[in-house]
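In what follows, subunit A forms one complex with subunit B and a second complex with subunit C.
The block that comes next holds the complex of A and B.
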């Protein structure tokens, strides 16, 4: 590892090798690229991220239209948390995020192990698993809305053929959110699998050979070698899918529109509806809440997941 | 070394600058612009909602207009219906990217567009004098008149299958109890769903509440004014009864089996074919009926949503939507657009409207008459109009309509929320809308 990090600085390090040893601090500041190189990206970051973030923080404290604004303090946030539909959306967001993230990790890991083992048509199967990721989310949503129609849909007609009365997947309040989450997993598990495959393939074969010499079963191989050494991949999948789940909107909107009633609303769809209704201040406040929630959850999670990696 | 570096910097800066300019230019590029085409003709875009019947009418009107005005070309564009469409209209108006002419609701939805800021004032146009006064009020603010009517007035009422009523010996109900008794009789007969609900299109769920407004006004003639002034609530009598009726009919199991997923088109078809008996809906369903089941024109009739008192039984009436010109239409296009609107207010335009899509009620333009052979949904309404037993719907008497009503009524009609909770939620929704509109007393 040390040789690798030393290399980019090699030519500049040559003349002032003596000073190098003097202060570690100085080495940290000295970058091989001039500061100017960061400017274009910096300009875009400020204009497209920092300015809108600052502006939305302010506008979340106002009741505004495109023509006028009225400063109302924290009223928007009070309103946001007082409404039953919005609170429901909040709870649903967490159910949705943790459910989809958990399933993607478990299924993605299993598929990853399966698709890195010696099986027939491995390349083809990898493509099949990855394919749904490439399809438009709205397209998937509309397709499944048709498939999940309680009376004319293919799923319930198939179930009826074997004598099972399927539920109203998207129309029964008990099932609606769960159905959408399952479709989300179907669509997103390919990406998780891909990350796991990359992680598993990167594990040196020597460990497995050594384990084989010691007579370890394939279950022990998985539990003591694959799982711990694929930890960076697991961390990536958890982070990505959790963020994706927390801010998910398109699939839910295409399939149920938050319905029936408010039973499958998530924060993002509630925010969208407030915007749609012209409650711009309220929807801005909702976005600030979403931003804070995602950050508060992901930053510590990221730190915790990556801690082990740095120690290793 | 130094000079080379700064040159690179300069390059990087100008590259990012160009990219930024392009992005910004892209933002403002879509706006209307007022120019004529190369050959001196003007092309107008005309935005309407995507219902089959609406599009057919819009295209017939455009063709007739173009035949008279060779220099003006009208292209019909479509948009989604319901809340999705509202959003699109508001967004395009506020970004200045609206079509040159567009059709949209009158009343409170029209008020929510902030017409004084976004639309062209038309109060100097000659045709304004020929319009029904009730209609003019629904497309006006204190500062101007903004729209020409498209279509006819209509009612929010119950469409029903007359064959089923005749077969079971039922009569048109004038009180809520009679309505429930009829529905129960239809349920017992077992052949048809007594009441059709279609939550696949959520907006259709609002009729039990919105169509009941004649009965609210019957008990309290000043209710709309009190409501606007934050003095009357949906969670109190008499307005809560709409929510209660919805809950009651769900609990009694009077809905069609697939009410949660059926669509508006399904609902109209069910009443036409006799799969369903009664369907509370706006009478513009006549045009859907004539498109999908023209053979049932005389089978499907209409009666008002009944209230407690037979003496005040009457129709809740909606004014037609309007056609408006956004402020982004300028120059030659604006002149052309005004000519187009003038054409829309002529009896010739009314005749085309009545021909291409089935009428849903009486016209609101002087000199426009309905043809003889209108479907029963329309001719049945005449009785209440003649006896003057009609009231305007709330959205024409008050600027406030809560945007979440359709989700709330779906929740109440599906048994997820109780009537009392639903009404309270709606009051909260109404409050947000009133605050956003900046009304006094909220």
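The block that comes next holds the complex of A and C.
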């Protein structure tokens, strides 16, 4: 921390040793772009993000009460991967992230193509699909908790009207995680759609015109033009929704609290539960696990997606 | 022929579907918020037999000694302060990061990416806040939001600064402007459009945030609106009408934002999707 907060000051001490282009042109004049501009934001970032992240590596190895800590080695991690409830949360995190991310990509792509085609009320439809993105997650969670009520909820009442016996969405251990994931998709698909729309609109029309001259079907248009050329949009949606899905907490907490039992727990909710229970070391170990999971998935994914882009 | 069918047929089907899937839940919130307690507990999607919208509104505001009003004040202070600090500080970073090539650039870029990807470590953050005596205080939560929000804002600012011609900077420097004046008087005003985008997107995010408030500003007395809703749910399951009135109230600010700043929100949220 000290080295980092000291960095802008240290640099202005030896101003612009011909390192930056602007400084070179006007020898002896201070750069008009001072490095201390980094500092105010850096203070917030370093103290409240970098320091805690670094400290978490140590505290995850302790039994910790905020006031005293006892070094216990890897015990927290051992416990994390031994206790059934915690392992379940670990697995659920992946299920939840891949499910929401996959659905958002597929549905977002379909909606994106549909909402850029020539249909009536495009503007209205785009607004309607996007609005849930801006609504409070807690509000959405509580609303759907009511709508998904197994007996009187609107969803099961509607299903009953057409002769289907709906499941206990949030009360059935088999369905709970899936139901929350579906609501997550409901809330988040608008963002994916918008990103795809931006990507599709940016494709030059010439490609489609050339394809039309060659007599390509709309399916071929989609498969050979839209899909490959909207690739940056796909990469963005995959990355964003995967990060969001792995970290997801508030919707799950508002809808099921990880229940029934611990069947819809994810790492983020385990972290909160352990924190509430006063196991700060274990909670922090959960944070480190989440950090490793996110990094292990996102960094290679990013590298892969970006490399593919250069090839294309 | 086929196109007309698609245009009207596809469009109509989509409108009906979108109403069922996306609008019905919001109508449900509104209807339940307008019902009496007894009727709301039936969870039905019907018009209220007896409209109690204003009674519920008054009741929910008065609940527990106007806790919701205080929460709205808190949320407003939080949103305005956090977003204001974030915008100015990130604009400074994005500006220097784009304009000046120094050996710090790779590090700063790396930290920005890290900030976007790494989930914050919760309990250690509480530990730091406690050391600063900011835990369970509004300034503490504001600082946390600034720290976690800066990376995203820096990305947007860096991209936008590259569209401002450097000749403007040079002209200002020749006219004798120092670096602080150059930034705040010349460049900052030119960032107006991206500033609006950042403000709107971050304001919606900070206002809607639940997780950070739950961790760093827990409790009931000094809560933000999202926490109040959550506590409300935990405490009074029986009065669904009031709970949904509360949800309706916290849905209104983002709705207003969306109506007025539709374009900016879309621009901010899809930033980077084309360039990758």
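Quick note on the criterion: the second predicted complex is superposed on the first by the 266 of 312 C-alpha atoms of A that agree within 3 Å, B and C clash if a C-alpha of one lies under 4 Å from a C-alpha of the other, contacts with A are read in each partner's own complex, and residues count from 1 in each chain.
Rule of thumb we're sticking to: contacts are C-beta pairs under 8 Å (C-beta built on N, C-alpha and C of every residue); 3 or more make two chains touch, one makes a residue touch a chain.
Quick caveat, the model's predicted, so the values are computed rather than measured.
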item: Subunit B versus subunit C, judged by how many residues of subunit A each one touches; value: C
item: Which superposed partner A:53 touches (first subunit B, second subunit C, both, neither); value: second
item: Which of subunit B and subunit C A:103 touches, first, second, both or neither; value: neither
item: Subunit B versus subunit C as contact partner of A:285, first or second or both or neither; value: neither
item: First, second, both or neither for A:242, with subunit B first and subunit C second; value: neither
item: Touching partner for A:40 - first (subunit B), second (subunit C), both, neither; value: both
item: Subunit B versus subunit C as contact partner of A:127, first or second or both or neither; value: second
item: Touching partner for A:137 - first (subunit B), second (subunit C), both, neither; value: second
item: Partner chain in contact with A:79 - subunit B first, subunit C second, else both or neither; value: first
item: Subunit B versus subunit C as contact partner of A:63, first or second or both or neither; value: first
item: Overlapping contact positions on subunit A, where the subunit C interface meets the subunit B interface; value: 34, 37, 40, 44, 47, 66, 149, 275
item: Touching residues (chain side subunit A, partner subunit C) in the complex; value: 7, 11, 19-22, 30-35, 37-38, 40-42, 44-45, 47-53, 55-56, 59, 64, 66, 114, 117-122, 124-125, 127-140, 142-144, 146-147, 149, 152-154, 157, 186, 191, 194-199, 202, 231-233, 235-237, 243, 246-247, 249-250, 253-254, 268, 271-272, 275, 280, 283-284, 287-288, 290-291, 294-295, 298-299, 306, 309
item: Residue ranges of subunit B in contact with subunit A within the complex; value: 5, 8-9, 12-13, 15-16, 20, 83-84, 86-87, 90, 94, 112, 114, 117, 199, 202, 257-258, 260-261, 403-404, 407-408, 410-412, 414, 416-417, 421, 425, 428, 432-433, 435-436, 438
item: Complex contacts: residues of subunit C adjacent to subunit A; value: 3, 6-8, 10-12, 14-15, 18-19, 21-25, 28-29, 32, 42-45, 85, 89-90, 92-93, 95-97, 99-104, 108, 111, 115-130, 132, 143-144, 146-148, 150-151, 154, 169, 173, 179, 182-183, 204, 207-208, 210-211, 214-215, 226, 229-230, 233, 240, 243-244, 247, 250-251, 254-255, 257-258, 262, 265-266, 269-270, 272-276
item: Of all residues in subunit A, those that touch subunit B in their complex; value: 34, 36-37, 39-40, 43-44, 47, 63, 65-67, 70, 79, 82-85, 149-151, 168, 170-173, 257-263, 273, 275-279, 281-282
